[in-house]
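Next come the structures, one after another.
Two complexes are shown next, each including chain A; its partner changes from chain B in the first to chain C in the second.
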Partner chain A sequence: MSGGPFRAIGIASTGVTVYRKWLDAVSDNISNLNNATTTAGEAFRERFVIAQAVDYGSGNGGVQVGGIELGSAEGRLVHEPDHPLADENGYVRYPDIDLGSQMSQLMMAQRGYQANLSVVDRAYDAYQAALQLGRNS
Partner chain B sequence: MSIQPIGPVAGPLRITAPAGVEAASPGNAAEVFGNLLTQGVDTLQQTQANADALAVQAATGDLQDAHDYMAASTEAALATQMTVAIRDKAVAAFTEIMRLQG
Partner chain C sequence: MLDDVASSAVRVALKGLAQRQRVIADNIANVETPRFLAGRVQFEDALRTAVEDGTSPQEVTPEVARSLEPTRENGNNVNLDHETLTHMDTVLRYQTMLKALDSKYSLLRSVIRGGA
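Up next is the complex of A and B:
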């Protein structure tokens, strides 16, 4: 929501939305980390959230998700001859996603989510202080 | 030799009314205050409607982001507080004026 005297709350809440979507993307990546496919098929493609600033000049500060980009479908070939999906050479395809990098992205997304929520909290306190101005005179 | 008069001293910044609000003069001060109050109530109604719509979404399970409702209701609470503060000021001013007679 834009406009109104309490704009910081709306702006920070767009930030929370973006980080929520990043959390969704990371959880999607982690949950599909070990999907085996045939070598003829595509590996699960890593999800990347592309965040963009909403132009402040338009009167709508904040951030938005410009789109979701997909990583490589090539993945990595693993020799697993016993796997039901293995090809004649004994290979299956796994997504090439690094769990370590996903975990650090998870932490960044969580911290960003919390940071934006604390902006909402602080802005609420600040606005409330403004509304108390002259209350005791 | 002529003596130059001393120019006007640059005083404090003149406070101008926000766009859409007329500058207050004794004649129309009440009207300006009335406009401010109306604007406040309009803002309040808008934020309340927004929070209400999100509350319905939360109840029907259509709400994508829990924080959207929390932020909207926070904003609505602030708008309510602001309108109440303006109302209090108006009532205080009115009471003060009425006291002039007694």
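Up next is the complex of A and C:
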């Protein structure tokens, strides 16, 4: 689907893929929100998907995941002496992920996903019309 | 018969509108890409000038330019509402052009059949 006569659908599908990956990253971040670790270990690092234009300037390259950035491994220390992973001072390490920011990213990713799917819908109509060319006599 | 001004103009318009569809798909795919400037396809003015001046519309090629509208914090200036509406408009124009070309072909077919 990378080239050919139905390129608009291929471009939209690159967008769908990137937003799908972003949704995956956000749900991974949220599901690991409360991962406790020992103070000696690293906290779960949140993932940021970096979108990058393919062949920028050509106008028909689409988008790809250019890389993943990781959040802080330091996290935050919480005093929970009863926790099985607590150190001698009673501290455990939690990831420093803000649920509010994750939720707004979730909405952005979802909106982008839907926008790209509706491009597929509209492009499909246009290509269908083109395929009808010469059918009516 | 098929290289008359009307048919050529319609074909150039179809080419330009198809490219505009691809560029809009690219803009929407990159709606959150940092430092991405929206692409704009221009061909209507050149096509109009060619038809008015009586030069061949086939010489007209669609041009892709980058939008200079103000960007958001991440250096991106794609406006999803604008792209969505322009895409709908482009698809309808594309279908209109297809209808025009189709009428032309029907006329030709009718001539070939001798009006039968």
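Definition applied: the second predicted complex is superposed on the first by the 130 of 137 C-alpha atoms of A that agree within 3 Å, B and C clash if a C-alpha of one lies under 4 Å from a C-alpha of the other, contacts with A are read in each partner's own complex, and residues count from 1 in each chain.
One rule holds for everything that comes next: contacts are C-beta pairs under 8 Å (C-beta built on N, C-alpha and C of every residue); 3 or more make two chains touch, one makes a residue touch a chain.
Quantities reported herein were computed from a predicted structural model and do not represent experimental measurements.
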| item | value |
| --- | --- |
| Partner chain(s) touched by A:Asn60 [first = chain B, second = chain C, both, neither] | second |
| Touched partner set for A:Met107, first chain B, second chain C, both or neither | neither |
| Touched partner set for A:Ile68, first chain B, second chain C, both or neither | neither |
| Which superposed partner A:Phe6 touches (first chain B, second chain C, both, neither) | first |
| Partner chain(s) touched by A:Ala126 [first = chain B, second = chain C, both, neither] | second |
| Which of chain B and chain C A:Ala51 touches, first, second, both or neither | second |
| Partner chain in contact with A:Leu99 - chain B first, chain C second, else both or neither | neither |
| Chain B versus chain C as contact partner of A:Leu117, first or second or both or neither | first |
| Chain B or chain C, by number of chain A residues touched | C |
| Interface residues of chain A shared between complexes with chain B and chain C | 9, 12, 134 |
| Touching residues (chain side chain A, partner chain B) in the complex | 1, 4-6, 9-10, 12-13, 16-17, 20, 117, 120, 124, 127-128, 131, 134-135 |
| Residue ranges of chain A in contact with chain C within the complex | 7-9, 11-12, 14-15, 18, 50-53, 56-63, 108, 111-112, 115-116, 118-119, 122-123, 125-126, 129-130, 132-134, 136-137 |
| Chain A partner contacts - residues on chain B that touch it in the complex | 43, 46-47, 50, 65, 67-68, 70-72, 74-75, 78-79, 81-82, 85, 89 |
| Touching residues (chain side chain C, partner chain A) in the complex | 18-19, 21-26, 28-34, 36, 39, 41, 64, 66, 80, 84, 87-88, 90-91, 94-95, 98, 101-102, 105-106, 109 |
